[in-house]
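These notes open a run of structures that come right after.
Shared chain: subunit A. Partners: subunit B in the first complex, subunit C in the second.
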Partner chain A sequence: MAAVAPVVPIRKRRRRPIDSDTVTVGRSRAGTLFANLAAIGFIVVMAFPVYWVLNTAFKPSNEILRFEPTFIPNSPTFDNFKSAFNAPFFQQDLLNSVIITLGAVAGAIVVGFLAALAIARFQFYGRKAIILVVLGVQMVPLVALLIPLYLMMQGFGRTKELPGVIIVYIVLILPYTVWTLRGFISGIPRELDEAALIDGCTRAQVFWRIILPLTGPGLVATSVYGFIQAWNEFIIINTFNDQAQQNLMAWLLQNQTQRGTFWGPLMAGSILTAIPVVIFFLIIQRNIATGLTAGAVKG
Partner chain B sequence: MSVASPSAPARPTPPGPPAPGAHVRRKRRSSTSSGLVPYALALPALFLLFALLGYPMVRMVVLSFQNMRLRELFAGLTPPWVGLDNYTKVLTDSVFWTVALRTTVFTVVSVALTVTIGLAVAMLMRRVAPSIRIAMIVVMMFVWAMPQLVATQIFRWLVDADFGVINYLLTLIGLDYESHSWFAEPLEGWAVITSLVVWAGIPFIAITLNAGLTQVPKELIEAATVDGASPWQAFRNITLPILKQLIVIVTTLSAIWNFGLFTQPWVIRDGRPSSDYQTLATYAYSTAFKTNNYSLGSAISVITVILLAAVMVFYIRQMFKIGDVD
Partner chain C sequence: MRHGKYPFIIGFLVVPVALYVTFVVAAYVQTFQLAFTDWSGLGPISYVGFENFVTMWNDSLFWRSVQHNLFVLLVLPIITIALALVFAFLLNVGGGHKGGTTRGVWGSKLYRVLFFFPQLLALAIVAVIFGRVYSPDESGLINGLLPSGSEPILFLADGNIALISIVAVLVWQSVGFYVVLFSAGMGSISTEIYEAAAIDGANRVTLFFRITVPLLWQTIQVAWVYLGIAAFDCFALVNIMSVERGGPDGATSVLSLMIYRNAFEFSQAGYASALGVSLFILTLAFAALTLRVTRRDAVEM
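Entry: the complex of A and B
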């Protein structure tokens, strides 16, 4: 993308100095005011649930369990977080989450990168079929595959264990990984490969010295997205494994039914579970949409 | 596209003919050695995809023609073949049809709402002050990042009958919602679930469409405005055609996601959704794992995938049409 952007100095001169990409002709002040007010309304509605979970998590339980709520905690406390962190299985499941997620991401990146390389850099019989498979399997509802997967894992004696879940998660994030990395590799000008080949590099050297370093940012973004997907999954693990072998999301699900109306710790637990995802998501947000709508937005 | 393509210049700069020797060598190398390389590279991924997605899909179809119960599962017996019995059972069951219809109606309503609001928000983002636009993006990023399960827990708490803030706010504006249970009446319960899904779905659509709107040349809109076009005409005849492809893709994706709705009704009804809150996905899951009728559950899943197939084929064709695939 960067390689083909031509320099057009004339166009730059024609641009207006301020706010050049929005239309300004035919816009009234009242209209702009209305737009800004509507936008603020939208922000309030969208942000409210996020604000409310934070607000709840820092309240003592006597402040939570009443009909007329306080909009800022009167006596802020960390008790809910402590109670969630020390709840049965929380720390174990946190550790499980980390192991499962890292295992799944590492596996998917290695396997996915090789496949992406094949699709992006080689022309071979069956290439379109592979793309079709990769795009197609992303669409199949996960829950539909849960039954046969469960029976398979049961057959291998791999339920109730982490490795079984890790392998399933690798496959879960693999299609997206292949598809996104393919985009990043295609973005590297083919001329670079060719120049290196002419200068005497072998295919392997082209891979190690050109493609791998230039795909670096793509690898980071893809791993982070894989991390988010694996971290957020709870249906598979909750169905396959017993209580000692869950991840944090499944913990959150089971805690809900066990604790009933203990809203404070539940909201604090929700925050603790969501924090890694939110942080990672904010880091790579630019790359996420491009994987799903690749090619439709030309930036 | 291939490495051997003779028309591709060896280097973009400096211009000049590539060394003839290099050209010949390059050509020979790729015609001999690239033969099996791509297959070797793709093999591990294909193996995993076929073993853990392809095979289960086949197994799911096979299961739907058998009668797999708990006894067969634990004894490792081959379940008896029952032909089309499961399908007959599902398709003559009025509960299934109610669930299928509900899932479809939910998908249509939620996708229409998400895409319409998302488009409106994307347009709004082009109009507001820069600081407000940044605030919109930040808020939407947080909502987008929220794990589904966490978002569902938050909404469960917001509409809690006794201490939920929504009941309080509604009471504040004069309605009697004290101790109001949102899930006693399925229509109200589904309004909550739809709000949750739309709330969580807006950021993806709004931010993607906003990126698409940057492609609409402002000169075109301004020229049209100067020529007397109303804002609606400018939107209808300039913006919409340019955005069309992108809108089709986000709509298709949302439809696929929302048709497979599972987490929200499942969690919001404490993992035991009554028949009023079943979707095709939760119905298949409950049938398989709560009543241990794995075959019947598989049959429901197969039917779900078939119902979705048309949308999926459409999406993949769009992706190919855009040309990014090549």
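Entry: the complex of A and C
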């Protein structure tokens, strides 16, 4: 298919010098336009609800309840954020969220890195079994484990406390962490290990000085993913703990059921709880694709 | 270099293995054990043999829940993967053709960030948002757009569309993740392959079906398994969004919701465990089946 004669002169001028020596087959101009329109339509559907949350959160309450929806707040206000922040248990649960998430991610990264090292760098009896268990755990629906986990925590006297939840979250994040880090470590050539060993490194030094620094981006990507999982979890904590030891997601859920129509503070609260995750995501968004494929694609 | 290997292996693996044995393996053993009791969640435990499983077999809500699970299992991955593939394709190679290289549509870098946002929002937040979108009166995002005078669509209260409405939210939330996942996969497909095919006269549709999909088959398979697991475990969203939790009249009930309610509301821990066992078996069967069916030689690049 020959290139269709350009209709808009300005595009013709821009394209001609670049395209003069390349073959432009298979791509019609109309198709490009259609592709772009499809992408825009899709993104509007994807983004609109998020926009609506932002919109509602900045509206004063009388504007939210108005019959005709407005697309931009007439008199933007931070009142909703203030009332969400000062709502009962918000600050307590924020602190809990931070403690639980940091604890769970730190624990999962340390344990997961060592486990990934063992799986990626050594051949040993039972290696396949461990890999299978790690992958299998990801598949098992969490709800089926709630009863025994609850009993266990009760047995240890760890319900209504943060450490119990932290341990359960570590178990929750660990499969992904191990699997992804294994991918990253497998990507580091073994020749580097061997060269360092010949130069007189001990095996521990190889891990500490060679593999750990080279896994850096992987550690960042995995910890962010773990952070998102732990930060957003609410089923376990909602079941195990009382209101004083819950996290922000559980707080959000309870306020949704209790104060159904207080849209403004609820939306503002949603935004506040989502901010840390969004920030972390923006920091690593370049690497996240690498992290995903390192874990997912390499069989 | 062989000697001194096992101290490292044991040292590295002792903590994770201990964690799994305690919190997953032992927990599952306990679930299987409780499935044969009539335990209420408190007080004495007595074994009742297969009674829970007989009850389950005769429980019409159980069968409906399984049906709903299977429905979600079929619909969620198909729609999500199809949408994600198409848009990953648009972002990577669907745009114009400039300077001898294929490229994505305009603004594809921005899209990549935006697509991921729903994934970042917790289900608790997503439920809040879509409660607003589906609201049956004129304040609802969709019903507000309908011409006045027409019957409002009761997304969550009409048993015929309640489940699909919730599945739509799941699709909305998960599609971004798979766009990014597939984008990463497509990034590793050499553009020369596309160029060669384009020179041979392939258009976008041909490129998509003959090049992208076969080369991404492994990634698609992984996505299918992940989404299948999500479909079995769609507890959180159903729990928050559906009317009367699983309603109207059981129209959105899924297995995991039944487990939760039996365990923590109806004081039927034994029965809940029996349901847990069946969910466990169903999930494993799905995973095994998927891996077997989709096993197909990956195209070497």
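Definition applied: the second predicted complex is superposed on the first by the 260 of 299 C-alpha atoms of A that agree within 3 Å, B and C clash if a C-alpha of one lies under 4 Å from a C-alpha of the other, contacts with A are read in each partner's own complex, and residues count from 1 in each chain.
Here is the rule we use: a residue touches a chain if its C-beta (ideal position, glycine included) is under 8 Å from a C-beta of that chain, and two chains touch if they have at least 3 such contacts.
Note that this is a predicted model, so its numbers are computed, not measured.
Superposition of the two structures on subunit A shows subunit C clashing with subunit B. After overlaying the two complexes on the shared chain, residue contacts for A:82 are found with neither subunit B nor subunit C. Once the two complexes are laid over each other on the shared chain, residue contacts for A:132 go to subunit B alone; subunit C is not touched.
Look at A:114: by the touch rule set out above, it reaches both subunit B and subunit C.
Once chain A of one complex is fitted onto chain A of the other, the partner contacts of A:195 are limited to subunit B, with no touch recorded for subunit C.
Of the two partner chains, neither subunit B nor subunit C is touched by A:209. Residues 19, 22-27, 31-32, 35-36, 38-39, 42-43, 46-47, 49-50, 52-53, 56, 67, 69, 111-112, 114-115, 117-118, 122, 124, 130, 133, 136-137, 139-149, 151-152, 167-168, 170-171, 174, 178, 197, 203, 231-232, 234-235, 239, 249, 252-253, 256, 263, 266-267, 270, 273-274, 277-278, 281-282, 285, 289, 292-293, 296-297, 299 of subunit A lie at the contact with subunit B in one complex and at the contact with subunit C in the other. Considering their complex, residues 1, 15, 18-19, 22-29, 31-32, 35-36, 38-39, 42-43, 45-50, 52-53, 56, 67, 69, 111-112, 114-115, 117-118, 122, 124, 130, 133, 136-149, 151-152, 167-168, 170-171, 174, 178, 197, 203-204, 228, 231-232, 234-235, 239, 249-250, 252-253, 256, 263, 266-267, 270, 273-274, 277-278, 281-282, 285, 288-290, 292-293, 296-297, 299 of subunit A touch subunit C.
Subunit A meets subunit B in the complex at residues 3, 19, 21-27, 31-32, 35-36, 38-40, 42-43, 46-47, 49-50, 52-53, 56, 64-69, 111-112, 114-115, 117-119, 121-124, 126-128, 130-137, 139-152, 154-155, 167-168, 170-171, 174-175, 178, 183, 189-191, 193-195, 197-198, 203, 231-232, 234-235, 239, 249, 252-253, 256-257, 261, 263, 266-267, 270, 273-274, 277-278, 281-282, 285, 289, 292-299. Residue ranges on subunit C touching subunit A, taken from their complex, read 1, 4-6, 8-9, 11-13, 15-17, 19-20, 22-28, 30-31, 34, 41, 83, 86-87, 90-91, 94-100, 102, 105-108, 111-118, 120-125, 127-133, 138-139, 141, 144, 172, 175-176, 180-181, 183-185, 187-188, 197-199, 201-204, 206-207, 218-219, 222, 225, 229, 232-233, 235-236, 240, 256, 259-260, 263-264, 269, 272-273, 275-277, 279-280, 283-284, 287. Every residue of subunit B that touches subunit A in the complex is listed here, in rising order: 1-3, 8-12, 18-19, 22, 26, 29, 33-34, 37-39, 41-42, 44-46, 48-49, 51-57, 59-60, 63, 68, 73, 76, 121, 124-130, 132-133, 135-136, 139-151, 153-158, 160, 162-163, 165, 167-168, 178, 199, 202, 204, 207-208, 211-212, 214-215, 218, 221-222, 225-226, 231, 245-246, 249-250, 253, 256, 259-260, 262-263, 267, 270-271, 281-282, 284-285, 288-289, 294, 297-298, 301-302, 304-305, 308, 312, 315-316, 319, 322-325.
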